[in-house]
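Beneath this line is the structure, given in structure tokens, with notes to follow.
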Amino acid sequence: MANKTNPGNFFEDFSLGQVLVHATPRTVSEGDISLYTALYGSRFALQSADTVAQSLGYPGAPLDDLLAFHMVFGKTVGDISLNAIANLGYADGRFHAPVYPGDTLRTTSEIIGLKENSKGTSGVVYVRSTGINQHGEIVIDYVRWVMVRKRDPQSPAPDTVIPQLPDCVALENLIVPSELDVSQYDITDAGGVHLWQDYTLGERIDHVDGFTIEEAEHMLATRLYQNTAKVHFNQHIQKDSPMTRRLVYGGHIMSLARSLSFNGLANAQWVAAINAGRHVAPSFAGDTIYAWSEILDVLELPGRPDIGALRLRTIATKDQPCGEFPDKNDAGDYHASVVLDLDYTVLIPRRM
Amino acid sequence: MANKTNPGNFFEDFSLGQVLVHATPRTVSEGDISLYTALYGSRFALQSADTVAQSLGYPGAPLDDLLAFHMVFGKTVGDISLNAIANLGYADGRFHAPVYPGDTLRTTSEIIGLKENSKGTSGVVYVRSTGINQHGEIVIDYVRWVMVRKRDPQSPAPDTVIPQLPDCVALENLIVPSELDVSQYDITDAGGVHLWQDYTLGERIDHVDGFTIEEAEHMLATRLYQNTAKVHFNQHIQKDSPMTRRLVYGGHIMSLARSLSFNGLANAQWVAAINAGRHVAPSFAGDTIYAWSEILDVLELPGRPDIGALRLRTIATKDQPCGEFPDKNDAGDYHASVVLDLDYTVLIPRRM
Amino acid sequence: MANKTNPGNFFEDFSLGQVLVHATPRTVSEGDISLYTALYGSRFALQSADTVAQSLGYPGAPLDDLLAFHMVFGKTVGDISLNAIANLGYADGRFHAPVYPGDTLRTTSEIIGLKENSKGTSGVVYVRSTGINQHGEIVIDYVRWVMVRKRDPQSPAPDTVIPQLPDCVALENLIVPSELDVSQYDITDAGGVHLWQDYTLGERIDHVDGFTIEEAEHMLATRLYQNTAKVHFNQHIQKDSPMTRRLVYGGHIMSLARSLSFNGLANAQWVAAINAGRHVAPSFAGDTIYAWSEILDVLELPGRPDIGALRLRTIATKDQPCGEFPDKNDAGDYHASVVLDLDYTVLIPRRM
């Protein structure tokens, strides 16, 4: 009569090169899309309307990139981060193929780095996770690293391996959806007049609006993604934690920020890469999330005179409008309001 | 490097005859229907079951009329009412064609009237908005008027034009869905025994039940409709407003009242027209919404011995049961509990 | 001009053998499934992925059994329990046929027992409710009994008839879905290594995790099921009740407990029967629900060497982790934290 419940993996359970096939394949549906719209108010036209998607060469509206990301990510939690202390960062995230209603997503992860912390009570696990659809095609892959508790502080430390990770997905590694044809692109449908040429390096955009988070909202979202991290759901436990409250899943903030970014980046229809990301501080129900973005790079795409890329840094804050672009100070410390610092690359039509 | 964010239109940005094509076409889905059911508990049989809809001549269950209305309405906010002070009224709203899952809705608006207010700081904009499906068919059109701030109080006033609007959509302008065949109508499925003949002019019906509104609910609804009005979402700003709280989208109250009206009007399967409507007072999370209805007219439909129409006035209140029909007093002032006064026309089978 | 609103049935309105055809057929959809996932975080693989379902012989992923149950149950409320004082118990519940998106569910009920209470102000109604799909196939049937107010305490008592009900659905009455073929069953997809052989009579499993309930969540759920019981929705009334708060629909707790039970029973893919059930105490928003299960029986299924059954008793608590298995004491009184005691039978693959 073995213990039947899943204690999750601890730091010493991971080994370099280990591959984990995560549980619970998930068929995504129009219901997931509706909930995503209800949770974030997303208005990017490609994901909102089949007619728009078809005019751009797609068979129908694909899922919002970040919705697919959360679905892929959620599956990893039970094996990777159930005993995590902190989710430290993201790198090298690429969106390979669009995800459509009816697709079934699965996720596998490979351990690509390990580093025990100096105290010997925990360690950092570097993991590349790959989301695959029912055709065996990669839809998303990304690296994250996470600090995980040890079960037994006496267990020996593994050899330290820190993977080489790019600061940014290189231009030659960016994936432009092959179906994408912007010859019929309609800026009126899209809701914004600014195209690739209109953005300049270093430009900063205040996305103006703010969304206040409710407990029911972030829990609905996080369960929709089948993300099982306890800290999001159990106030009876959390009330006795240093936070005293349930933590909002970091990906919820990413989606709120992406949705807010419509106001200023309405034509940035496709997220092509997540270059880096950091959940700078936790968010809680009652926080109002604002966001601003900086144009980190304006990139031509080889062979695509019709589309360009923007490398963006989007900062999300809580209870702090972003007209003055709250950021790090000279000492490298973030403004107290900052909760997310996300570096990602979007595709956007060019004016021809 | 132009400002990239959308400031919305101000009063002086509108001109008579101006046509606005609103952003973000939206493919509606079964997911939207499920959320609508979860938000309002709607039980009208035509919209609840494909089998019922098919027995009535439809290819499948259409969206609830008001769900389609909110989708069409939501698109107008970014262009029409982002700088609105108040949504003043509705008129001449007609439901032309059923909306089905898979349909894509777009909205255009024409400015049909303008009147600067005496202080010169704002003005009333009259707009006819038209929702169109992917076949180019009109699904809904309606007029609303809204008080919009001026950007610059010094800008000149336009000529005053106040459109002629009907008090009520005239009988000859009511649209009866051509597919509609009630020869198989089943009052047991529908959940009510009272048909057209059973309602009398001046009759008043207390809908008995009440729904308490939560912040998460009205925000999920309003984002589902891609309605971007800031006052619904941002407590960080609203806490410093005279209201101190987020306002509930007025259409949320319309849908709650329509859902409550099932208890007494279960066979009123189709909303055919919105004759007039006024959001008498704001609603907030924590309010419990009740409703009652008055039969304003009992109308025969030419050539349709099987169906009749009822012109209804539905009053929604907050924190006030409606057994005593709270209404205006003799001075024309509303009872303090009233939040909505909606005049609309429904279609209902006749006993043959 | 008759009263148009539905007062519900009172105890004296029921008669032995009476059949009630309940209102509002409901076509279930992928939207309902997404909402169910968002509300409960369910992770059983059969219901999560079409690919998994197809590998097990199904045409696609069926609805979670309890989602179908709530849909069938919800329809009965308006006729059976609008004037109920308490929902006393369940028995003899069987899941006959899988329910798929696109199916339309209807419910009928037969009165199978009546017993007036000694005070003469109320009585117990025993009812067998049957959910039917659009093909006329039974999908679910179950018995519940409920205490219902009398309209008139002077009305005569009916003859007392208490139906013979099984303590448990007998092995020979359990329905194993005929499509079910576990030859391709994948425990990695399913997320758990423990199969039928691994469970032992009397074993107890703490499901570890907890979910805190929000008002918006239980109301969204209950409306999704078109369950109209007033106590769940109207704080304006409930604030003056002995509870002072809205009650959570008991079925919401059942689904939370079933979802929590994944941690320990991940391969228990199918609920085949509800043997008995009691809502021991009410739950409210703010409660954190935990659960534990006891293996009441380990059953071989005749002719099915590939699948077995487990009869389970799942106890849900509020604000009480279940590591010490809170239960009844020797006097038969429940631990103060217990809110649900559910006896049901699940199907689970056998190791061959």
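Lettered A, B and C in written order, each chain numbered from 1.
Note that a contact is a pair of C-beta atoms (placed from the backbone, for glycine too) under 8 Å apart; a residue touches a chain by one contact, two chains touch by 3 or more.
What you see is a predicted model; the values in this text were computed from it and never measured.
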Homomeric contact subunit B-subunit C: same or different residue positions, threshold half: different
Copies subunit A and subunit B - rotation angle from C-alpha fit, nearest 5 degrees: 120
Intercentroid distance (Cα basis), subunit C paired with subunit B, Å: 36
Hey, what residues on subunit C touch two or more of the other chains? 29-32, 34-35, 214-216, 220
Which residues of subunit C touch subunit B once you look at their complex with the stated criterion? 1-2, 4-6, 21, 23-27, 29-32, 34-35, 78, 101-102, 104, 106, 134, 214-216, 219-224, 226, 228, 230, 233-237, 246
In the complex, subunit A touches subunit B at residues 29-35, 37-41, 43, 45, 48-52, 60-61, 188-192, 194, 198-200, 203, 205-212, 214-217, 220, 263-266, 286, 288, 319, 321
